[in-house]
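What follows is subunit A paired twice: with subunit B in the first complex and subunit C in the second.
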Partner chain A sequence: MSTASLVFAALFYAAVAVLVGGLAWRIRLYARTPAPLRIPTTPAPRTRGGVALRLAREVALFESLFKGGVWLWLFAWLFHAGLALVLLRHLRYFVEPVWAWLAFVVPLGVYAGFAMLAGLAGLWVRRVAVERVRYISTPSDHLMLALLVAIGLSGFAMKYLAHTDVVAVKAFFLGLMRLDPQPLPADPVLWLHLSLVAALMLVFPFSKLLHAPGLFFSPSRNQPDDSRERRHLAAWAAPLDSHR
Partner chain B sequence: MAADVKAPPLREFPETPPALVPGAMSGAKPYVASDKIQQAIGFPGELTEGWEGRALGRMGELLDRYRSLRVYLDSCVHCGACADKCHYFLGTQDPKNMPVARQELMRSVYRRYFTLPGKLFPRLVGARDLTKDVLDEWYAYYHQCSECRRCSVFCPYGIDTAEVTMAAREIMDAVGLGQKYSNEIIGKVHRVGNNLGLPGPALADTLTGLEEDTLEETGASVRFPLDEAGAEVLLVTPSADFFAEPHVESLIGYAKVFHAAGIRWTLSSKASEAGNFGLFIGNYDQLRRIALRIREAALELGVKRIVVGECGHAWRVAYSFWNTLAGIGAGGDDPFARALQSQLDARYRQPTHICELTWDLIRQGALTLDPEANDHRVVTFHDSCNVARGSGMGDFPGGQFTIPRDIVRAVANRYVEMAPDTTLERTFCCGGGGGLLTDELLDLRVKGALPRMEALKEVVDRHGVNFMATICAICKAQFTKVLPYYGFKMGMVGGVHQLVSTAIRLGAKQ
Partner chain C sequence: MRRATALARAALLIAAGAAVVLASGIEARVPRPAHDTPKGERCVENTEFMRRNHMKLLVHQRDRTVREGVRTKAHSLANCVDCHAGATTRSVIARGPDGSEGFCAGCHAYVGVTLDCFECHAATPRAAATAAAEERP
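Right, the complex of A and B next:
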């Protein structure tokens, strides 16, 4: 097996370890940090079920962002919904045989790829063209967009310009999952695509991509508005009561 | 009016976001607290050598104590949804008054010292060392946030800049850089019992005077009781209600409601203040100690209900935090909470907003109202930020919007709404909340009022509105001061219970 195949195998093991381990570490930290006061942005649901629904709307529909402005919402939603379908499309590289529902989603993933790139383009134009957003942008904000766009473009290059051996790619990833590395096609575009994806996985737990788990731990969104009915005490605040 | 303070011109309505004017407000800073003021409430007197380490140490503690701060500092993606939502940005055009940029003042320091990329590649991710310049910037811009939470409505992750502002003020207090206005008031509330420093005997005199005035006006002997043990209701209200105009008109309104409904009530000289500036400085200990005064007064007086007057941030603290801080509420199963909760009447929501109480009475038909008495007024309602986005009323989400409006409609015939982008959960702050209601920040306050003034101008021009009702003492004081800068009469702001006071008929119910 080629050195490159081994390097990519090692890279993806490392990337998965960092992504999963890093996210678990961060999520554990969020979960263990107390929220001492009830601070839902009101009006807020009064029940746990209502909160679950509020979070579901935020995750699936970006409800708050929609209130903030339609254009930003449109670009962001196109990108995220597109990305979700594109990820589903790529599931076919990891399951054998391919499930029936997945076979239905796979062709949609191509259109979703265009939606994703269109969304990213919109977000990037906004970042450059809108004075307020330009002011708050850091170099890493642009790099993150560049990374995602490059992943999308390199993916499309393999679909439309220089086909790669997808059967061999699938064998490579199935092999990784069985801890039995298989050769990876010697295709520079594929190498680029995979390197960028690994980079995205590696930076995820250390970057603003933490907004994904962050939303679920955001006290202004995940707390029910029940402060008059329930006494809510953080572990560090409870002992204060005995001093009075 | 101060000579150097000018209102910005009203923009075309509905407005478009303004261009940026970097540094426009970098010089706007409130007075720094003296060492005496600081030490009186347990903070270091001044900034001394080694403050950087102590500030970062405090920041680390807050990150461990507050999930909000931890998650919010990590989660922002710089999307800019909040950027044009802050009244101070819209009024001043200073880019550092965009909520995301305000958060970034702390986030840049957080990244530098608490995250891997910030330690390795500070420039790439916009991380900065904590220097005196950065601290000065914090002092300026974290005192140009009224903690109104409007930005949090539009943030896809619910990031609440108020939480960041509170943390920043807490860190600054911890290293001896406090704000004079808020910290002096906190000292007063502990020393005297209320924010205005009105001692018990003066309060008793004031209330006797109000009884005489009300008797003269109505012919009814409406009482304003103080420290009466055994009363059913303890009313806790902002101390401005005792003598400031237009606040006192609402106090008279509450008294008339209690009188008409035959409810025995009392004020407390110990808890003669609903306001809790501990919220503004983000200090849990102060927040709690100020709230405990209410608990103690309620236990001493043996009351069955605790009712809160027209005060925005006080209602947020009461509604959302009192149960946690002082066991005022329901559902507590620990000895501390039970000691009070077993005394309170469980048939009522504890604490109760005066609007909830009045609206319940109106619905029961317990009050005789003559809305024609308000026919000289065309009324609109300004939602106060802490009530709108930090609390609730009644049994369902949004009760904080419908209940005050229902009261206004019951007591006044001519009522108009302002533009939907400026009311309910999207309401604009008056420009004076969050500990900024101090004269040296008048320029900021006038500019911060711009979005509300624009919306008000529209209903004044189109519908002849001449009365803006609100249920917050800070809103009332702020508008009284800034309305003239925009060409309005200062008397056009007043409380919901001022309208109730005008319409209510005392004596036998017909």
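Right, the complex of A and C next:
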């Protein structure tokens, strides 16, 4: 086993630990943050079922983004939908045997990869070309786009230019999951791709990418509009209320 | 900041735990595709190259043969099949009675890659190769 294989094995164990632990810590923080007021953005659903449907629309269709502006919605949706299919394509490296429906999705992941990069390109052009967006853009906004674009490009480089031994790559990841590290092919583009992905996993719990779990904890989206039917009382406010 | 330190400590703990499990030598077999060893001394290119680029060679060969009319033998699919067919199945896609997978199908299924060649082309060796194989003791 080469040193590089062991370094990457350690890197991915650490990256998974930080990603899972960090997300759990963040989600706990979000879940414990009090929502003192009923502040759903109206028109809002009046039942919990309706809220579930509203959140589902936010997750799948980016409804709020669409209402905010079609260009941002288009690029963001293209990127996220592409990314979802690309992630499904990569699931083949982690399950054995590959499920039949997954084998069907795998080739679609290539087209999704192009959609993903097109979306990222659009988002980046928007950040540079739209003056008011450029004004509020921070280095981390650009770096996150750069990281995602670099991951996509290095992936495509392996698809079309410098192939790697995908059978050995799958054995490497199955080995990680079975705590039985296997050698990783010594291909520079593969190393670059995996390093960038590990970096993404490591920064995820400390970055703007937290909008993924954060969406579910947004009071303006996750509250039903039932302030006429039920009094909203935050737990910490109840004692104050009784003294009045 | 204090929280980030706690997090780093937790990550280290998990990594250390994993290291202990590894060191204790848990036998967890990593599944890999299983197929018969192909015949012959060596392939038309070296193994590391073939594992990464066999599909490029085949597409290139198709373009040369079908579109440009140049028929050469070096990277011909029929030659691949002659050497790589299973010892008992005489096929590169059929599963053997001993559980061995076809030389092509095993890896293609393992990584979920389509295998369209044999929708049209034969997955079994040509008559001459089969006869030669049967003559051998």
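As a convention for this text, the second predicted complex is superposed on the first by the 244 of 244 C-alpha atoms of A that agree within 3 Å, B and C clash if a C-alpha of one lies under 4 Å from a C-alpha of the other, contacts with A are read in each partner's own complex, and residues count from 1 in each chain.
In this section, a residue touches a chain if its C-beta (ideal position, glycine included) is under 8 Å from a C-beta of that chain, and two chains touch if they have at least 3 such contacts.
Predicted model only: the values in this text are computed from it and were never measured.
Clash-free side-by-side placement of subunit B and subunit C is the outcome of superposition onto subunit A. More residues of subunit A are in touch with B than with the other of subunit B and subunit C.
When the two structures are aligned on the shared chain, A:Thr47 is found in touch with neither subunit B nor subunit C. By the document's definition of touching, of the two partners only subunit C reaches A:Trp25; subunit B does not.
In the superposed model, A:Ala103 makes contact with subunit C only, not with subunit B. By the touch criterion stated above, A:His232 is placed in contact with subunit B alone, subunit C being left untouched. Using the contact criterion defined above for the overlaid structures, shared-chain residue A:Val133 touches subunit B, although it does not reach subunit C. In the superposition on chain A, A:Ser2 makes contact with neither subunit B nor subunit C.
Between subunit B and subunit C the least C-alpha distance in the superposed model amounts to 6 Å. Shared interface residues of subunit A (contacting subunit B in one complex, subunit C in the other): 206.
Residue ranges on subunit B touching subunit A, taken from their complex, read 17, 19-20, 63-68, 70-72, 74-85, 95, 98, 100-101, 104, 115-117, 123-126, 149, 152-160, 163, 284, 288, 292, 319-321, 323-324, 327, 329-334, 336-337, 349-351, 388-392, 396-398, 400-401, 425-426.
Considering their complex, residues 26, 29-30, 33-39, 41-46, 58, 62, 64-65, 67-69, 72, 76, 123, 126, 130-133, 135-141, 143, 203, 206-208, 210-211, 214-215, 217-221, 225, 227-234, 236-237, 240-242, 244 of subunit A touch subunit B. Listed in rising order, the residues of subunit C touching subunit A in the complex are 3-4, 7, 10-11, 14-15, 18, 21-22, 26-33, 48, 51-53, 56, 107, 109-114. For subunit A in complex with subunit C, the residues that touch the partner chain are 10, 13-14, 17-18, 21-22, 25, 92-93, 96-98, 102-103, 106-107, 163-168, 170-171, 174-175, 178-182, 205-206.
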